[in-house]
Structures are given as structure tokens and as C-alpha cells.
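Same chain, two partners: subunit A is paired with subunit B first, then with subunit C.
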Partner chain A sequence: MKVALTGNPNSGKTTLFNAITGKIEHVGNWAGVTVDKKEGDIKKSLNKSSLSMTAVDLPGAYSMSPFTSEENITRDFVKNEKPDVLINIVDSTNLNRSLFFTTQLLELGIPVVVALNKTDMSRKKKTVLDVARLSKALNCPVVETVSTKSSQNGLEELILKVVEVRGSAQSVPYISEKVDFSQAQSVQSSDRRRYDFVKELVGKVETRKIKSNQQTRQDAVDRVVANKWLGIPVFMLVMWSVFSISQTHVGPLFADILVGWIDGFYVLVESLLGGDVSPVLKALLLDGIIGGVGAVVGFLPLIMVLFFMLALLEDCGYMARVALVMDRFFKKVGLSGKSIIPMVIGTGCAIPGVMATRTIKNERQRRTTAMLTPFMPCGAKLPVIALFAGIFFNDAAWVGTSMYFLAIGIIILGALIVVRITGEKNARSYFILELPEYRFPSFKRAAVSTMSRAKAFIIKAGTIILLCNAAVQIMQTFNWQLQVVAEGAENTSILASISSPFAFVLIPLGFGAWQLAAAAITGFIAKENIVGTLAVVFSITNFIDTEELALISGSADVAGIMGLTTVAALSYLVFNLFTPPCFAAIGAMNSEMGDKKWLWAGIGFQFGMGYVASFLTYQIGSLFSTGSFGQGFIPGLVLVSTLVGYVVYLMKKGDSKTSLKLSVSAKGV
Partner chain B sequence: MSNAYANLFENENTFFKTLSEADVNVEYVIQDIDTEDDEMKSFLFSLGCFKGETLTVISILAENFVISIKDGRYSIDSDLAEVILI
Partner chain C sequence: MANIIIVLILLLIGGLAVSKIVSEKKKGAKCIGCPYSGKGSCSC
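Up next is the complex of A and B:
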């Protein structure tokens, strides 16, 4: 049997779903975390019946008339797929609004069980609820639940009730008389009566000690963190601590230990192989597979700490406040405050980040946000940042932090350009967002989510990244005649001949070596590959603990091996961070944009932006550090000017569209 | 079209103030939602923000209004505050 979880946004559907199925779907304390439906089998320990039960988690909706596209999913599923039972998760701190949707669900003819969730929070506010009376008035079972708790959470009783009501016919407590759905007036007046019914009902079953429009401590906190002047510094401080803890303080501590183990493993395998194995095979196994994958896995602790910190951030309720603070700035560049949420999620991984754009109502804002979110350095780019900061900048914290702020700068610039090209400079859209209550973030939930993401990372390292590194190792060992390339003739390898043409284009950016081009190319498969490929092509196995490098590669000077100046290294970092994301994220962009023209424009824009930013970094940096421009300045300048000129042309064209639209609307009036 | 505009000018809305002029911590009765954006109107409805309901401005932050409708807190921008008549 199929059980669908429905309810208002942020009522705790996914938390309840995770609790009854044992799955680890993404949760957060703001409206609109879940944008797609998820399925899972209900745990045997909860399901006392002999039936097999599947739960379907649906995106939150305020009513059966959808407003955003993810609400459509909910309505369509409930109406078309006919689940056997609906669990309606009701936020017990906001019955007045939630029960409106409940009354709509009760009319569908599918048995409903109400899960009165977050009862710990309503109890804390000393709100008393008459559950028996509520159940009687609604004509359906009502179970009190606290899905964040692991025991005595009411979930067993909930599932019991679900089995009980299956196939039963519940009589509708409130019958909306014949509604003519083609008449907006008729729908509205019936909905109004529905609200009257809810209001009367809540008046009977709820006794509040604190009136909901009273000022609370929560509101006082809002006045600080979302303050006109303090809002931005607070946000910067929060993000800075997230990154400095993961990248400079706690992360590297664990990374050192892990890298020690990986090196030990390398040495162990080397001794096991002995001297009889062919050198080609030995190099493939040691340098290609263990070295390449090890270089990537070594950064796992940094990524895990980052994921942990982000999970805490998403859990406490701060995200909605960031959207509030950013709204007025993002509005100026044609985006919405909601655009910041995908970007913050994007610092973990661009794919869920891009998917989170679905809660943005305005199509152009949604597509622009999907196009710009991947500029935010994701968890997979973290190893690249950490690597370059470690090797070339002596682990300076400013390198990582400045990359995030550069990303924000690029996003704002990108948004400005897009809004002018589309000619919607004067388009206005409303902003409304629910402010969830703050709560102390759960370390357990954050740890669980971190472990599941770490697992995904390890699987990725053991599959895609392993294969890529092996392929890179093979391609650099052999030439096109399939002979092993001689020492000193590395330029004749398959890998070198494929990546050399690309390297040529990269000369004006300061890194025209084929090895670096190859790493940038494999980065499109997965960004972690950049580190893996660099490890393979330069035969370096350890990027983190450079003291131990001497043991393995015979040199402590990774920077020397790569042959990059500090400025060129920064430029290479900028290039890898701000060119298009990995293919998987491009796929997510494709599905959220739903338009090929936007997709290709987006990818083109990302390439152009990465190239220009990298060019400026290298050439201006060179001018300051050496007194003259770097290599390939003139041809690079020609290319960059062409790119910029084309964008300016498109913007001018967009402007004329704007004035055209204005004159049309002027005539309309 | 012209009729709709004529109505707009003649209707009683001109006598009400908008939410953007509201005082903090005062409970107001919503008189109308004055927008042509029907989707937004029905969305506001599903939150419980419609003619005859009450709302309170909790604070004004960064050009946004934090309002209390039913038992929830929402942040709305000044453009949206302009269309809520009280």
C-alpha cells in the first residue's frame, strides 16, 4: 500500500519520512527544502501489519491550488496516483493555516490521518491542544508526533492508524457546497467559508498562552541578524566561520591523519608488488589508481566538516533570514532574495543547489539563478582550493575566503548582465517567504547527513574518479602507436596530444602546459578529478602533508614540479572554479531551466566568465608582480575583448527590448 | 479593460492606507489586496492573508516587512506591502 505525506512547507514531512523509512533525505529548517517526491519503504519495526507499506514524501503545499512548480507535483500526485492513505503533517504551532489544507485533503475521498507534528514546540509555548476534540471535528484520526525525537515520538501509533483507516470511507466534516471552479468568485467564497470553519474549530481546540502576534525573543534575534546594517556583516561572518573551520582549522587536522594512512597503504602495496611486476602495471596501480584516488580522498575530512557545518546552518532556521537580508540587493540585479538559498546550498554541491531554484516563482529569476549557482565553489572544488592554497599560498585562509567572495561578485555581475540581455530590467516581482522559528541545530542530524554525503563521495572516488585516473595514467603512458612513451618524450603521449590544443588557448591565462589542460578537462567529469589528474600527471601522491612528500615522490617542492608562478597558480584556480560545473550539475541546470537556449547560453556564459576572470587575474597579477604583462597578452586581449564586446552588444540589444516593452505598455494604458 | 481601470479609480480602496504605512505592533484588518497578479492574490489567500483577516507588522527589516498572519511569520518586500490595504 502507498502512503503519501502531505502538508504545509516546513511542517516536517521529510523529517517524518526519514524517521519512518530510515532514509536520509535532505532536511532543513525553511520552507521549500524538498522539491521532488521521494519514495521509501516504511520500517519493519514500525509496521506491525503484514502489508508492505511504501511512503511517498511530497513537496510542501499551502493549498490544493498550486503556486510554484513543486506544489504542482504534490497536487498531481495526490489527484492522479491515488495513494491508499494520506498522512497530513500539520504544524501544531500553526493550526490556523495548516488545517485549511487539511480540509481540502479530506474532500478527496482518500482516508486521511493527521500527524500533529512539532508538538514539542507548541508545548514549549504552553499552547494546549484538545486532540480528541480535533479528531472528532475533523472526522479522522489525529496523532501527536515529534518526528525529530527517536523514541516516544508517536510514529508507531501513526502507522497503526494508517493501517486502520485503509479502505475506510471518512465522512467529510465540512462540505463545501457546489463550487463552480471556472468562476474565481465561487472558488474564493467557498475557500473563505473553509477558513471560517477552520477558525471556529481552532478557537475550540486550542488555548494559547502566548498570542502569535506578540513580540518574542525570536523577533528580537531577527532584528539583529536581519538588520539593515548588521545583516550583511553577520552573514559574512557566518560563512567565513563555516569555511575557516572546515578548511583551515578542524578539516586539515583530520586530513593529516587520513593522508598518513593512504601513504601507508601506498607503501604497503608497493612492497607487496615486489620487483617482478611490469613497471607499466605498477605505475598504473600505484600512481594512477592509489595515487590519484588517494589525492582526492585525502581531502574528504575537509569536505565532511564543510557538510557538517552547512547542515547545522540549514537546521537552525537562519537560511530564510539570509534570503530576507539579500532580497534588496538581489532585487537590484533582477534576482530575488530566494536566489541566495540555492547559492548557499551550492557551496555543498551545485546539483541540489540548482534544484533548489524550483521554489523561485518567476521564470527568468529561476533560470538566472540556476545559471549562476554553479559559480559558488562546491564541495568538490574544495580540494582544488585547498590544494592551491596549501602549495602556493602557504595555507593562507584568505585564498579560500576570497574565492567565495569573488564568486558572489561574479554572480552579481552575471545577474546584472542577464537581466539586461533579457530586457527585463524594469520587471518587478513580489517577495514573500515564511520565517521559520529558530531552533538549536541537531548535531545528530548533521552527523547523519554528513556521513551519507561522505559515503556518496567515497563511492564517487571509487568509481568515476578511479576510472578517470586510470584512463589518464594509461593515456599518458602510451603514444598513439600504443608504445610506452620514452622518458623525456612525454609530449608524444596520447594525453599530451589531446590536451595540447587546449593548452594553447590557455597560454594567455598563464598555464599553457598540457598537463594542466588535461586536469581542467577531466574536471568536467567531476571537479575532484582536477586534483586526481594533477597527482597522476605530475606523479605526486600527497598534496596535504608536504613533509611526507619526500618519502614518495622524492621532492617536497610540488610547486616546482607543476612549474607555475604564484600568479599563474591563482589564475588556474580561478579558471577551474568559474568555468562550467561538472556534467552532472549541467544536467541539473538543463532540467531546471527547461530550455535549451538558456542552457547553452548559460554554459557559454560560464566559459566566458571563467576565461575572462582568469585572464584578468594572470595579466594584472603579472603586471604587479613582475612589472610587465604575462605571456600571450595580445592574443588573449583580442579574445577577451571579443567576448566582452559580444556581451555588451547583447545587453544593448536587450535595452532596446526594454524600451520597446515600455512603450507598448504605455500604449496599453 | 477600460472598465476595470474605471473601477480601480472609483472603488473605495483609495481611502485605505497600505501596509507599508502601518505601525509596528498594531493589529490591522485587511481591507483588500490590490493587485492584478491573481496568482499572488490566491497564494496570499492560502496563507490566510485576505480581506477581513487581521495582521500585525512585527518589525521592519532591511526594506522588508515581517508580518504575522494567522499563526505564522512571513517576510514580504515593500512592493507587496504596497498592495495590502488596511
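Up next is the complex of A and C:
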């Protein structure tokens, strides 16, 4: 038996889906989180019947006439796959809007059960709902639910009603007249009549204490948080606090303990190996596998605290406000207002971020957003940020915060360039973003989300990163004749010979060492690899306790071990964050762009942007800190000027396309 | 003898890592370990 979950965006479908199936699909307190359907079996504890029931979570839709690709998914599924029962999740705090879709669903002939969700929030607002009357008026069962609660949430009754209505005929409460879909006026007047019916119905079943045009405390908060001018500094302050807590205060406390355990394990294995084992095998096991993986895993507590805090921000409804604040900037540079959603999702992982671009209808805007979304620092880049912030900047919270805002700046600049190149600089888009109500964030939901991400991080560390570190260790140990390289002759290793040509190009960026180039290269497999490879090539197992690190190495400072100045370290961080993402994300870009020319242009653009940003960071930083430009300034300037010149040429070419379009439209051709 | 044991341990670790990657890929995961990544669904 197939049960489809349908409803408006942000009505709580995925939360209800997770509650009835026990799954952990990602939820967010804002519209547009689900962009594809998901399936799961309904839990036995809720399903008292002998029937096997599968729930299908569908993306949110406002009506059966689709305006977006995710609404298409919902409409096509409901119409073509004919589920046995529809559960229509209705946001009880916004009946007027939600029941429009309900009346359309009831016309399909499939039995419907209405889950009147978020009733806890309605009660808080002292809104009284006559559920029995609503059920009678709609000709279908209506069950009050609070899917965020673990008990007394109405879900058992909901599933019971689903079983009861299975196979029954659904009668229609509202009969719409024949609509001519080719005539906009006909569609509009039909919709208006339907709205009138819904309005009248809501008037009969709902008694509100707070009128929707009344100013609430939430509105007062939004006047600051979502303000045109104050929104950005508030966002900066929020992000700084998040990094300060996760990277400077709480995270390192747990990281120190974890790193202590990893170090203890390293010493234990080393003592067990004894003196008879080949030094090559010993190094592979200790430095390549335990050291390399341990260095990455050591950052887990910092990342977990950060993810937990971001999950709280999302759950309370703040991230939707950020989307609103950023929207006006994005529109000005020719992006869709919807572009902000993939970018916020991209802070977790670039892949779903890129996939979320499919909700954007305009092809150029969709491809541009897919190209720019990976600039947002994703979860995999966080250990890299934490490593450099910790080693070179004394765990300063501004490092992580500034990387987020630099990413936003690069995205805006990138969008401006792309819109000029494609000759669509006059394109404007409109996007209505629905702001969810603020709510007290659920610590349980944030913890579940954090734990599942932590599990993913550990699995990744134990698979891809482990294998990469082992490969790096082997390539560092042997030369092309497969002989073990002598100590001090590491420059002759396979790894050095592969990385050195790349290192040469990186000299103007302040990090021309082959070890750093090797780490940047492995970063394209998975960004966490940068940390793992640095640990292997510099034989460092502990990036957290940097004082201990300096003591072990005997170096005056940690920078000495890696051969980096503070400015060069920042430049290296910028390069790794703003060059192309991992191969998996590039694969997602390929499938969402659907055009090889756009894909290669996008990768080239990402390389160019990362290189130029890193060059400027190093050279300008060196000028300010030492009074002169850094190494390789002239060749770097030539390369950067060539890149910039080529982009300017393409932009001019695009401008002439725009003028041609304008003159053609002015002549009315 | 000790070297052979270490080689076997290394092969076992590598084998487990590879088999985990293969099984995740078979499940349709786009990114290894990701709880939200599967066939037709990926929405962190």
C-alpha cells in the first residue's frame, strides 16, 4: 500500500515522514528543502494493520498547476502513480493558503486524510480550530498532528485513518467549473472562486485571537534580523559567534581529548610493532593510515559543534531570513532569488546544494548557480579552515567567518561576470520567499542531524581518506624505479615528481613546495584529504595541540615545519577553498548543468577565481606585512593579467550581444 | 613473519575500505558515507 505525503512547502512533510518511517531525511524550517521524492516503510509501532505500508515524501507544492520542477514531481506522482491514499499535510497556522491545494487534491478521486500539522503552534497563538466541522466540510478525516513531538503527536490515529479510508471513494466538497487552461483569465477566475470557497470555509472553522495583519514579536525581530541594512552585520555576528564557539571554545575542548586518544593508539601500535618490522610497512601503517586518518578525525569535534549550531539556526527559522537578506544582492547580479537556497544547502555539502539548483527554471540562472554554489565552504572544507585557523591564527573565529563572506563576495562577483559573458545583464527575476515562523529549535533534531553527519565524516575518513593517505605514503616512500627513497632525498619520490610541476605554478601564490601542491591535488578527491596529506607529507599526527607539535618537531614555530608564512597560509587556505570542489561535486555540476561547455567553463572559472583570489591574498598581504611583494610577483602578475584580460574580453563580447538583443527588441523584430 | 602479518593487516584495512566504497556506490551514494545520498535523493 502506497501513501503519498503532499502539502505546501514547509508544512512539515519531511518531519512527518521521518516520524512515521524512522528515517533521517534532512529537514529545515523553510520552504524548498525537499526537491525530490523519498520512500520509506511506515513503522510497525504506528501501523497496527497487517498491511505493508510505504510512505512517499513529495516536494512541497502550492497547487496542482506546477510552476516549478519540484511541483512537477508532486503532480506527476499523484496523477500517474496513483497512490492508495494521500496524506495532505496542512499547516494549521495558515489554513487559508493550505486548503487551496487540499481542495484540488480532493478532486483526484484518491482517498485523502488531512494531517492538521503544527497544532501546537496554533494553540500557542490561541487559535481555535473546529476539526470536526472541517472534516465534515472537506468530506475526509482530519487528524491533528504535531510531527515534531515524539509522543501524543497524533500519528497513530493518522495511520489508522489512512487504513480506514483505503479503497473508499473520495467525494468532492468543491466543484470547480470547466477551466480553459489556455486562457490566463479563465484560470485566474477559477482560482479566485476556489480561494473564495476556502476563505469562507476557514471563516467557519477557525477563530483567531491574533489577526494576521497584527504586528507580533516575530515581526519586531524580523525588522532587525531581516532588515535591508542590519541583516548583513547581524549575519556576520551570528557566523562569528558560531565559529567562535565551535572552533575556539567548545570544539577544541573535545578535540584535545579525541586527539589524546588517537595519539595513545598511535603509540600503542608503534610499541606493538617492535623493531623487527620493515620501516616502510611501519611508516605506511603508522604515518600513512593512523597518522593521516587521525589528523582528519581529530577535527571531528570542531565540525560537530559547528554543524550542531548551524542545525539550530536552520531549525529556528533564521537561515530563511539570511536567504531574504541575500536575495536583493543576488537579484542585482542576475541570479535567481532562488539561488540562495542551493548556496545555504551547500554549506553542508556542495552536492545537494548543486542538485537543489534544479528548482530554478531559467537555464542560465540554474547553470550559473550550479557553477557558483561550490564556492560556499562545505563541511569537507571545515577541517581545512580549522587547521589553518588553529595553526596560523591562534584559533581566531574571524578566519572561518571571513571565508564565508569571501565566498559570498566571490559568488556575487562570479555571477556578475557570468551574466555579462552570457549577454543577459538586463535579465531580472522575481522570487517570493515564504518566511517560516520562528520557533525554539529542537536540540534533538539538531543532535540527530549532527550525529548522522559525524557518522558520514567517519565513514569517509575510514574509506576514501584512508586509501588516499596510504597512496600518498607509498608514493612518497618510493621513486619511479620502485626503490625506497633515502632520508633527505624525498624530492626524488613519485609524489614529489608528480607534484613539483604544479608547485612551480603555485610559487606566485606563496606556496611553491611540492608537499603543499600534493595536498591541494588530493583535495580534489575529497577536501578533507588536504589535512590528511599534509599530515602524511610532514609526518604530523596532531594538528590540534600545536604547542606539542612545535615541541616534537623542534622547530621554532609550526609555520617553519610547513614552510609557510602567515600570509602564505591564508593564501593556501583561499586557494583550496575557492578552486573547484571535489570530483563528486563536479559530477553533480555535470548532471545539473547538462552541458559540457558550461561544465568546463565552470571548472576553468573556479580554477581562475581561486588562483586570482589566492594571488591577491598573498601578494597584497606580503606588501602590507613585509613592505614588498612576495615571491614570483612578476610571472604571477602576467598570468593573472592574462586570465583577467580574457574574462574582460568575454564580457565585452557578451555586452555586444546584449546591445544587439536590445536593438532587435527596440525595432520590434 | 612480523612483516607478513603487517602486510596482511594492511591488505585487510585496504580491502575493507574498498568494499565499503563499492557497497555505498551500489546503494547509489554520491558521496561515501552521506546519510542523505542515495538513489534519486540527495538533500542535505
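We adopt the following convention: the second predicted complex is superposed on the first by the 616 of 669 C-alpha atoms of A that agree within 3 Å, B and C clash if a C-alpha of one lies under 4 Å from a C-alpha of the other, contacts with A are read in each partner's own complex, and residues count from 1 in each chain.
One rule holds in what follows: a contact is a pair of C-beta atoms (placed from the backbone, for glycine too) under 8 Å apart; a residue touches a chain by one contact, two chains touch by 3 or more.
What you see is a predicted model; the values in this text were computed from it and never measured.
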May I ask you to decide whether A:584 touches subunit B, subunit C, both, or neither, giving the answer as first, second, both or neither?
second
Once chain A of both complexes is superposed, is A:616 in touch with subunit B (first), subunit C (second), both, or neither?
neither
Look at A:460 in the shared chain and tell me whether it touches subunit B only, subunit C only, both, or neither; answer first, second, both or neither.
second
Just to be sure I read the superposition right, which of the two partners does A:498 touch: subunit B = first, subunit C = second, or both, or neither?
neither
Which superposed partner A:121 touches (first subunit B, second subunit C, both, neither):
neither
What part of subunit A is shared between its subunit B contacts and its subunit C contacts?
none
Under the touch definition given earlier, write down the residues of subunit A that touch subunit C in their complex.
24-26, 33-38, 273-274, 276-278, 281-282, 284-285, 289, 345, 348-349, 351-353, 355-356, 452-453, 455-460, 462-464, 466-467, 470, 584, 587-588
Where on subunit A is subunit B touching in the complex?
62-63, 65, 67, 93-97, 100-101, 184, 188, 191-192, 195, 212-213, 215, 218-219, 222-223, 226-228, 231, 320, 323-325, 327-328, 331, 337, 361, 428, 430-435
Residue numbers on subunit B that touch subunit A, as the complex places them
25, 27, 37-40, 42-48, 50, 53, 55-56, 58-59, 61-64, 66, 68-77, 79-80, 83
Quick one: in the complex, what on subunit C touches subunit A?
2-3, 6-7, 9-10, 13-14, 17-18, 20-21, 24, 30-37, 40-44
